[in-house]
Every structure is written in structure tokens, then in C-alpha cells.
Amino acid sequence: MNAPAYNFAYLNEQTKRMIRRAILKAIAVPGYQVPFASREMPMPYGWGTGGVQVTAAVLTPEDTLKVIDQGADDTTNAVSIRKFFVKTAGVATTERTEEASVIQTRHRIPEARLTEDQILVFQVPIPEPLRFLEPRETETRTMHALEEYGVMHVKLYEDIAQYGEIATTYAYPAKVADRYVFDPSPIPKFDNPKLDDCPALQLFGAGREKRIYAVPPYTKVKSLDFEDHPFEVQSWDEPCALCGSRDSFLDEIVMDDQGTRMFVCSDTDFCAGKRGDR
Amino acid sequence: MSAVLKIENLTKSFLLHQQAGARIPVFESLNAEVGAGEAVAVTGPSGRGKSSLLKLVYGTYRANAGAIRVLSGTDWTDVVTAAPRDVIELRRDVIGYVTQFLRVIPRVPAEMVVAEPMMDRGIAEEQALARARMLLERLNIPKRLWHLSPMTFSGGEQQRVNIARGFAAHFPILLLDEPTASLDTENRNRVLELIAEAQGQGSAILAVFHDENERRRACSRSIRLD
Amino acid sequence: MSVLLSAENVSKFYGTRAGCRDVSFELWPGEVLAIVGESGSGKTTLLRCLSGHLPASSGKVRYTMRDGRNVALDEMSEAERRLLMRTDWGFVHQDARDGLRMGVSAGANVGERMMAVGERHYGHIRATATDWLKRVEIPEDRIDDSPWSYSGGMRQRLQIARNLVTSPRLVFMDEPTGGLDVSVQARLLDLIRGLVKRLDLAAIVVTHDLAVARLLSSRMMVMQQGQVIEQGLTDQILEDPQAPYTQLLVSSVLQV
């Protein structure tokens, strides 16, 4: 099925080497945003062009690829990216987290604990956590260099002042290896604890913003908070309506025009596994 | 009486660049001394620099030549050549200056205006305010005005607030520029009492009085500018 | 006590044109120095050189740190200079929008410097911000409002609170009352004067308004064409100006 018209995984070898160099640097300096020469990809910005380039650069013919979007393997974005790599790299694919060696994700971290043999690739829309308060790129770079992260708490302060609690629920800023504050991409803050001390290599690619950053295996990732308003993850009053899980991230689904709702696991593979249905 | 203020060969003139460089001489090579506990009047026809002399001693006017030596503790300081911050220090601790004109600062209450020079020296607010109120009472400022800014006070009231401020802290050297002008007899007497008290506490006083009687009452000798 | 900030022959050239030339002076703790002159005289350029916002072409600006070290600005690391700017120094801009974070609430504006130096207790930050708003006469219930909803005078007072929350020892002010109504100006000046006195702040105030200089400062420098043509005590400059330009300045605007 490998189309000979394409080089393996779409990008040419020179480009992949360039991206790998950026990835190596990102691993060497955990949490630091490494600029890279992001290429035009055959999909629009916002569809995961950064993640796709990182995946293309790390993929080998022996890899098994899993792609999820909001935790699900069967949504449009996940399906198209999976098909893209099937067509251009001919790699095996899977929906099962434990079988995958490379997982590209948009907005979630799988519920199953990852292993040292896996690489998790995040699609990142806005890599700069300081952007909310500081529009100048030159200034945010200086702030990172000098570890001037006080303004990050201004955002959290605003949350508490306005809502009585830290209302940021996704893209929740965290500090990597006690040094760089980073944006873990729009994952729910429910997933932030999974970033910490994770056995798998976590890579982040932002195509439009041309940045790559990384959290190497077993790296400390600490979510920002206040002493009197400590970091907390979301919780639900009811279990998953399908599998009964009480410790996974749930999506609220509206069932009909009467407003009937149900809560189900956002990680479809995890949910199926719980139900013994795969 | 040992001198605490020595004026030596003091020369002052004004050069007015805006008026074709006109030079207006005030006085030349003036010499004078004032001792501790002594009250000396500055006399002479108007326009001969009586007020200017006080302003020179206070450092507001700059001398063309000569020296104005002031005893500060055990050291002599020449106001003419002193650095600005030394002059500021002299004004806080050594030289007091009382005119009939209060520089009103909006929103600062009268009692605080009076207490300020004491607090600048580190005297506790309560203590400073207690003395301020005593002085305001002596100068017949109605109690209901003490908490108000002198902004809206009458001219006479403002003048008396300023006098209270001038006498609030003890100064080894006091410069008085017509302190009693336009006051009624009773308040005039109160001010003369305050001058006598300061003198009794050892202040050297250099004063300009419009009224000859008052000058005689307050001062033992005079420096005449012609 | 030692000199807080000193300038030694500070010059700034834009090409061949001098923004300011050979400026030297010393500022001691608790002193308020006014820099006056008409627009284009170089006073804002000088202020920016003194406050580390603009590198001087030649000359030195030295500052005595809280630990007693006397350091030249251009020999400090950038990290040290920036830390100084948000702890021991304040900068009050003429346009409050340049000095405030307009996108966040008033409380966050005041709290930012505290968070920047490591304060991580929300309750404490909130209480301190509330206290500072009161001190600059902003009603407590405006704490969560955006500075966009504030009047010009309130914004300026907010900017002052935001600067003073870390108890700086030196505040730079660039035309702090410029562009405000006269009545609003008076209140602001009075507030600044009170704070400076109570907190024993040193300040360098750039203004073209001699009344502002008279009310706030104990010392003055007069600038013309980039040079300091006269300096001394504020009452000396205003009552016995020596230089022709100063005499012109005083005689043409002063009605006090």
C-alpha cells in the first residue's frame, strides 16, 4: 500500500533530520520551545500539522501507530491522520494504547499508563504559555530565559478573583523539570498529572507557530497553583454510563432534544477495554 | 553671647536676562553676626533687601560672593557653598523660617501642617500633634478647623497656622519675615510671646518687622541696610 | 547613609544629535528630584537612561542595591537589572496604559509584582491589593474591574499602587499628571506627595510643569537642548533662577 510517489512518511529525509535535531534539542532542554522550519503539510493549520511533522520524523517502518482526537480513535481528525500515515509510511496502526509504539494525540493523554517503549506526540495550537499576558515574542523569550514566571500566576489569580477557583480547565500551565513553564497543549487539566514522571517520551509539535518541545521520560512536571488554591483535577458525580469507570475523563453527551445527557469515557479504547468489548 | 550665625562679606545682586541683562544690586560686602538667644532686627527702607537677606540665610537666594556660616551642632556650615541636601538638613534641624504666607497643600489638615516639621525630625505623630494643637489653641485657631485643610481658611487664619508651624519645632536659628503683619493685637501679642519663648530657649533670631514698636519689643539690636 | 543613584557624565546620542549630554548628579535616599524643561529638551531621554530602559552612549549610572553594593547599570546582568526594575524601582508612565496590564483586573495589576517575586498565597495577594487600592483612594469594590473601565485619574493611581506594592526605594515618574484634568491632577499630586513622604521614597520626576516640581520635589534640574543648565534646591531655582532660560521659564509660566 506504500505509494512509491512519496518518501517514507511523506517528508524528505533532509527535513526529517532537521526536525529530529530540533527534537533532540527539545529533549536535552525539557520544556524549552525549540524553533524549527515547519513545512507546509497537505492539511490545514489547526489540523495537527506540527504533530504530523514530529510523528513523521520519529516514525520507523516497524512502528505501530495510534492516532486519537479528544481521546477517540474514530473522529475525523484521527481517522485522516491515521490514513495519511498508512498511505505515506505503510505502518501498522492500532486503536489499542498498549499496542502502539507511537501515539499522536489531539487534546488528551490516554488513560492507560504509558511505557518506556512509547512516544506520545501532541498537536499544539499555541505553544507559548505567556502569550496571554505578553504579546511580544522577544519579551516572552527573555522571560523564559530569566525564569520570570510571575505573570503566569496573574492568569490564575484572575480565575480565582472571577470564579472563586482556578477555572482554567485545559491547557493548564505547568513547570517542567523545575525550569521552563510550558503549555501542555489543550489537554484537560485532568491529564496534567499524567505528564509527571511519565515513562514514555512526550513530544509537542506546533506547526503554525514552528515550535517543538519535549518532556523526556520520567521528568518532573508540576502544575502551577497557589498555596491556598492547590491544583485539582476535575471529578464527576457519576461513573461512565458505558463502562462504569470512576477514574477516567468523561465527556458529556446530549442524547436528544429534551436535553437528556450521559457521561461517557472520552478515551474510547479505555472504555472498550473496560467493557471487554474489543 | 557666642555667635551661631556669621554673615561675611555677603554680596547679592540680581541679573535679569529677560530685561536686557539689567543688574539690580541688593547689597555688597555685608557683615553681621547673631548670637544664641539674641534677637536682631533687620531694618532699612523698603527695597533694600531685608527679606532678601533672610532668604539668603535660608538658602532660597544664592549669594554672588561671601559666606553665611551657620553653627550646626559643633560644625560650621556655609549655606552659600553647601550641597542642596546639606541645606535641606539645615532647614530640618537648624534654620526655621516664618513668613506671613502659608503654602497651602490641599487635603492636609491644619494640625498636620503644624506637626510636620516635628515629624520630619522623627518625633512621634501623637506627640507632634499634641504640640501642634497646643500652638493652634494659643494662636486662637478654632478647634473645629484643626482637622480641615487650611485651603479654605481666611488669610489671617492661614497666617497663624503658618506661624504655629514655624514655632512647632525648636530651631537654633529663626528667620522671621514680618510675622505679625496684619494680625490683630491679641494675636500679635501671642506671636511676640512665642518669639520671646524661642529666644529664651536659646534661638538666635533674625527678624524683619514692619512695626517699630514690635521691633523694639522683640529685638535688642538691629542690622541696618541702606 | 550613602548615595542611592548617581549619574556620571551620562550622554545619549541619536546618530550625531545628542538626546542628553554630560549629565551628572547624585540622588540620596528619600530625595525627590524634578527634571524640568520644555519638550525636546532631553528630559525623557535622560529618565530612560537613568532607569535602564535605554543604554547611555557614554557615562555611568550607578545604583546602591539593598545589600549595599554600588553597581553600574550597564555592568549588571539583564536578570539583575530586570529584578531591580520590578522590586526596588518603580516607573510611572505618563500614559497609564503603558504602565498597566490593561487586559487583567485592577487587583491582578497590583498583585503582579508580588507574584513576580514569588508570592504564592492568593489570600495574601488579594488582601495586599485591597489595602493598596484603599491607599490610592480606589473603592474596594472596583478590585475586579478592568482598568479600561477606570477614569484617567484612577488609572494613574492604580499605576502608582502597582509600582509601590513591593516597597521600592526609587520611583521614576514621566509627566505623572500629564493629560489629566486640573482637579484630577491636584488630587493625584497630593496623593503622590503624601506617599513619597510617608514611605520615604526617592523619586525622579520628569515634568514640564513647574507647579508639579514645586509641590513634589526638594531639588530640581533644568534642561535645555539636552544639557542641564541649572540645578539646585527647588525654591532656589524658582525664586532665584540664574540661567537666562530658567528665568524665562519661571517668568513665563509660574503663577504661584
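The chains carry the letters A, B and C, assigned in the order they are written, with residues numbered from 1 in each.
Just so it is clear, a contact is a pair of C-beta atoms (placed from the backbone, for glycine too) under 8 Å apart; a residue touches a chain by one contact, two chains touch by 3 or more.
Bear in mind the structure is a predicted one, so any value in this text is a computation, not a measurement.
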*If each chain is a dot and touching chains are joined, what shape do you get: line, ring, star, complete or other?*
line
*Chain closest to the assembly centre - both centres taken as Cα means*: C
*Farthest from chain A by Cα centre, which chain is it? Let me know.*
B
*Quick one: report the Å distance separating chain B from chain C, using the average Cα coordinate of each chain.*
32
*Report the inter-chain centroid distance for chain A and chain C in whole angstrom, where each centroid is the mean of the CA atoms.*
45
*Geometric centre distance via CA averages, chain B-chain A, whole Å*: 76
*Within their complex, state which residues of chain A touch chain C.*
132-133, 142, 146, 148, 150-151, 153-155, 157-158, 160-162, 225-229
*Mind pulling up the chain C residues that touch chain B in the complex?*
28, 31, 186-187, 190, 193-194, 215, 218-219, 232-233, 235-236, 239-240, 242-244, 247-248, 251
_chain C residues within the chain A interface of the complex_ = 78-79, 82, 101, 103-105, 107-108, 111-113, 115-118, 120-123, 125-126, 143-144
*Would you pull the chain B residues touching chain C in the complex into a rising list?*
14-18, 55, 59-62, 84-85, 87-88, 105-108
